[in-house]
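Given below, in the form of structure tokens, are the structures.
Both complexes below contain chain A, partnered by chain B and then by chain C.
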Partner chain A sequence: MKKNITKEEFNKIFNLLSEYYNVYAPVKKKGDGAFSNTDIIYYEKVTNYDDIEWNEKSTYSPKDIIFPISQTIMNFTYDQVYVPDIKSIKPIYILMRPCDINGIKRLDEIFLRNGVEEDFYYKRLREKVFFALIECVDGFENCFCVSMNANKSSDWDFAISNNKHQSLISIEINEVKNSKIKNIFESLFSTNTTNNNSNNSNNSNNNDNFEIFYPEKNFKKVTLPNVEEMPSFIYTDSKLWDEYKERCIACGRCNTTCVTCSCFSTNDLHYDDNPNVGERRRVWASCHIPKFSLMAGGHDMRKDNASRMRFKTFHKIYDYKKRFGEEKNHMCVGCGRCDDNCPEYISFSTIINKLSARLISKEKI
Partner chain B sequence: MNMIKNIYIPSPHIIIDIIKETEIESTYKFKIDKSTFKHPSYGQFYEVSLPMIGEAPISVSNFEDDYVDLTIRKVGTLTNAIHCLKKGDVVYLRGPYGNSFPVDLLTDRHLVIAAGGCGLSPVRSVINYFYKNIEKLSKFEVLMGFKTINDLLFKYDIEKWEQKFKSLITLDQSCELWQGKPVGLITDYVGQVDFSDKDNMSVIIVGPPIMIKFTAEKFIASGIKKENIIVSLERNMSCGVGKCGHCKIDSTYICCDGPIFTYDQAERLID
Partner chain C sequence: MSLDINRKIIQKNAFRITKKRNKTAIRIRVPGGHLQTKYFSIIAQIAEEYGNGSVHITTRQGFEIPDIDFKFITEVNKLLAPLINGLECSIGVSIDNPEDGYPAAGIRNISACIGNRVCPFANLDTTNLALKMEKEVYPNNFHVKIAITGCPNDCIKAHLQDFGIIGMTEPQYIYNNCIGCEACVKVCTKSVTGALSLHNHKIKKDHRRCIGCGECILKCPTSAWVRSEKTFFRLIILGRTGKKNPRLATTFLNWATEDVVIQVIKNIYALIDKEIDKSLAKEHVGYIIDRIGFNVFKAAVLKNVTLNKEIKVAQTLVFMGYQYEKDVFMNLLPHSTF
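Up next is the complex of A and B:
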């Protein structure tokens, strides 16, 4: 089902949706950015069309809705262990661009299919989450989703486009997905058509016969390394990695903004007012930050920022695919947030290209 | 909502005995009820935790039907706290995790185990298994290296082992009490191993990464195939079940694909 609707109608849908779901979408926070007079865009609960930042890429990905920055996984009271329940959390709709939908699929792979069992805490939140697509036509400055084959997704219940019609919002409902959402939209559209019966000509002008577009080309392109097995020299190749020893300042912003970074640490704490009561938390971990691979006793597997950069690069564009199979994509979805947010202007797409070029040049020698 | 199994919930286990091994290492014996808690296999580990303090992966150093031994070195927040516990106190465990030493595949082979320091802990159950089933091996030799005489682990076991098979102990630093006994690194004593039946030999090496590397090189130089060398690796781990990413090397997750690898697999793992 496809429909062009007005902003007022869109808000009506939102009101109906909000009865059953929490709707999350990118929201711009004026002046809250890292530097003075800069903005930041992150995912928040929204209730209105105007809450949403439709035109710019969000600084942070929506992954924290399913994989929170810090999550209490157990409460301790003396010798009792409790698992906090999330029954009170309503089902969730996340409005996101295709790269982020694909990114969450990568998280699914790690949390639900890697290792021996499913991850309890991820799964119970994930089961509440439904996807809606924000149409992305041209991408943004640092995007390379097309190269990463993450520019398209059909895994959404409804898609929203602001580009088809100057004053109207185009909505397409994926009829086979969530039947509840279909009913919500149908109830509104049917009343809408009866109200506008006399205005049939006007309706046809709206041209409901539109297509949702996806980015077909990005300004940035990457060439992925075409090797089955990384040659061992490349792990320590100074030409490739040495510059990041100094350039990377191990702030971890690339990890926190990345939609596919899924690493975490487990931390325990007790409350100040009662040492017998406390909790165990899962918190985001970053492979760029010291101590990620440090073992008790002082043995650290990756001591410098260059080897950490190499580790992340291989994870994103080589070993994830190697582990989960050729039919899967690479972990990186090319959202470009790592490049957008690096305070040292390190470009991940450049690293990928340099790596591929190095592999080719070495092969020629 | 359908029930999802929560793999992160640990279960409480009572310390039934504490054996002080060295100044910083003790073996904690836990009562295990096989009907309600999964029993380990050789070389596996548990995620050990104390509520409000922390969680860490610890190798099983021995097990029988009704108990599990964990030998714990005092090196961090959690292990310091565990060292303050006494008999009867409770520690939380979940697991066992990881793969295990393929003891069945070692039948009729000449097995050499080289263990450095607390690396002896994850192979102790294997040594004890073959101590009890010595007829399953064509020959059994154990090389153990420790820093000083004060760092010797499982002295009570070693005394038993020495009765049945060659158990060589070398110390990095000698002392008066150690006069006339082996001194130096384990690599110095690889030459004393009986290499008369190389094709039928299997070697298990466990210890610090640098010790594993140089000991493996010695055995390879003596004609042992890489696939017949088995190592147990340790890495920073948080979840133990393939989610947290800390122990990942290349496409391998040490916690669920390891910690036990053949050397030809392990040497390709570049951190």
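Up next is the complex of A and C:
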């Protein structure tokens, strides 16, 4: 089901949807950028069209909606333990570009199918989440989703395009899915409705035959390593990794903005006034943030930043696929946020290309 | 015919007596230290037609064109008109006739660090504030130095001014966004004042130690620190170089808003007018206040100023400086000692 609708109609749908769902979308926060007088875009609850940043890539991915930055997983009082419930959290719609939808699917793999058991905390939030697509045609400066096969998705209940018609919003409802929005949409726009009194409804009908587009090519293209098994020399190849000892400052922005970084740590905190009462939290932890591989006794597995870079690179474009099988994609979806946000101008897509080139050149030798 | 010049008048016109007889130099103001390059051609033209083809870049971010014959003051002033129009009149400075040159030279060029037009550390557009300030204080004949710096790094050396304005932000902590990585704690401890510490895997801030530099915001990988909506200022005062008692400026107001800073600085002029020692060719504002006392100064500059609720006002001024006459220990050692 496809329709071109006005902004007012869009807001009407959103109002109805908001009765049942929390709708999250990219929101531009004026002045919240790290540098003064700069903005930042992150996912927040929205209630109408104008809340949403339609034209720019979000600085942070939407993953924190399902995998919160800091999440209480249990409260304890002396010898009693409670798991906080999430009953009060409404079901969620997230408006995402295709790379992020694919990114969440990667998280599903990690949290639900990696270990022996499904991750309880991820699963119960994930079950509340539904996807909507923000059409993405040209991508952005550092995107390489096409190379990562993450440029398309059909896993959405509805898709929104701002590009088809200048004053109207094109919206497509996924017929395959039996979603709430389908009912809302049908009730508002069924052909039998006679209250279509605005002139543009006639106009819009003529253009209802649109297609949702996906990026077909990016400014950046990466060549993935074409090897079954990484040769052992590459793990310690100084030509490839050594420069990152100095260049990378281990600030962790590549991890925190990444849609697929899923590492976390658990912290126990004991309340000041009574240390027998407290909570256990799950908090993001990442390979480029200090303490990541710090073990009891003070032994650090990855002291220099080059080894952290290698770890991340392999994780994103080698280990994951090896773990989950050839039919799966790599973990990295090519959203390019790591490159967007690196204060040292380290380009991850360049690292991938360098790795692939190195594998080939070494093979020839 | 020998030259007959009223020195008082030409000095107010931003020309000066120079070492060379019959030669003067013109000082060009560049409020905020940021200049459209189109003005370079005017400066070049004056230097080439009336000066010696060279220009001095002043410590206050202006230009001084030397070696101009006194007799060409009128011509030079005419050439300056587009500069005065573009840099002064256009921002709201009231100057009756720009073709007559600068109407005053007492208040020195308001200098500013490069600010957030370029610098990642700056908490504000310092040039913009300099322009705003220029409108409030220029033209004025009292010798007052003002500089604006975007963060407590103080690249413009606000600590050596009568009024040094240091831009601040009040970092806002978003508890749930914090992953306890301690990037902010590290930078604050190592490079700033150690206002932050880790407690229960989250951050605690000692507001008294926070100098509003924004380093924690710059270092945070999850945007758990964000800038305050308001930009704040530390107003440091009465710093100086000079032959009598050089000293660094010290804090008068902390966490002041822009409005408060501007009003306080505007208030200084009435005080100077009332208290200045007219027997001297000029008396710097710092020495006036040394003479009349801090409390008189404080009452005068805070008169009719509505202070913002976050502000802290100094109860006393503690200067770190030195007096040359105390350098009695600087004896010349007998050569043989070496």
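Brief remarks on what is shown
As a working rule, the second predicted complex is superposed on the first by the 351 of 365 C-alpha atoms of A that agree within 3 Å, B and C clash if a C-alpha of one lies under 4 Å from a C-alpha of the other, contacts with A are read in each partner's own complex, and residues count from 1 in each chain.
The rule is short, and it goes like this: a residue touches a chain if its C-beta (ideal position, glycine included) is under 8 Å from a C-beta of that chain, and two chains touch if they have at least 3 such contacts.
Computed from a prediction, not measured in an experiment: that's the story for all the values here.
With both complexes brought onto chain A, simultaneous placement of chain B and chain C is permitted, the two fitting side by side without a clash.
Contacts of A:P275 after superposition on the shared chain: chain B is touched, whereas chain C is not. Look at A:A285: by the touch rule set out above, it reaches both chain B and chain C.
More residues of chain A are in touch with B than with the other of chain B and chain C. When the two complexes are overlaid on their common chain A, residue A:R253 makes contact with chain C while staying clear of chain B.
In the overlay built on the shared chain, the residue A:Y60 is in contact with chain C alone; chain B does not reach it. Contact with neither chain B nor chain C is seen for A:L16 once the two complexes are overlaid on the shared chain. In the overlay built on the shared chain, the residue A:S36 is in contact with chain C alone; chain B does not reach it. In the superposition on chain A, A:I346 contacts neither chain B nor chain C. Touch criterion met: A:S70 reaches chain C, while chain B stays clear of it.
Contacts of A:N267 after superposition: both chain B and chain C are touched.
Superposing the two structures on chain A brings chain B to within 10 Å of chain C, judged by their nearest Cα atoms.
Overlap of the chain B and chain C contact sets on chain A: residues 267, 269-270, 285. The part of chain A that touches chain B in the complex is made up of residues 73-74, 76, 79, 81, 83, 87, 110-111, 114-124, 127, 230, 232, 235, 262-270, 275-276, 278-280, 285, 287, 292-297, 299, 301-302, 307, 311, 314-315, 319-320, 322-323. Within the complex formed with chain C, the chain A residues making contact are 31-32, 34-37, 40, 42, 59-60, 68-70, 251-253, 255-256, 267, 269-272, 281, 283-285, 289-291.
The residues of chain B lying in touch with chain A in their complex are 1, 4-10, 12, 49-56, 73, 75-76, 78-79, 90, 92, 97, 208-209, 234-236, 238-239, 241-246, 248-253, 255-256, 268, 270-271.
Contact residues of chain C toward chain A in the complex are 116, 120, 122-125, 150, 169, 175-183, 200-201, 214, 217-223, 226-227, 229, 231.
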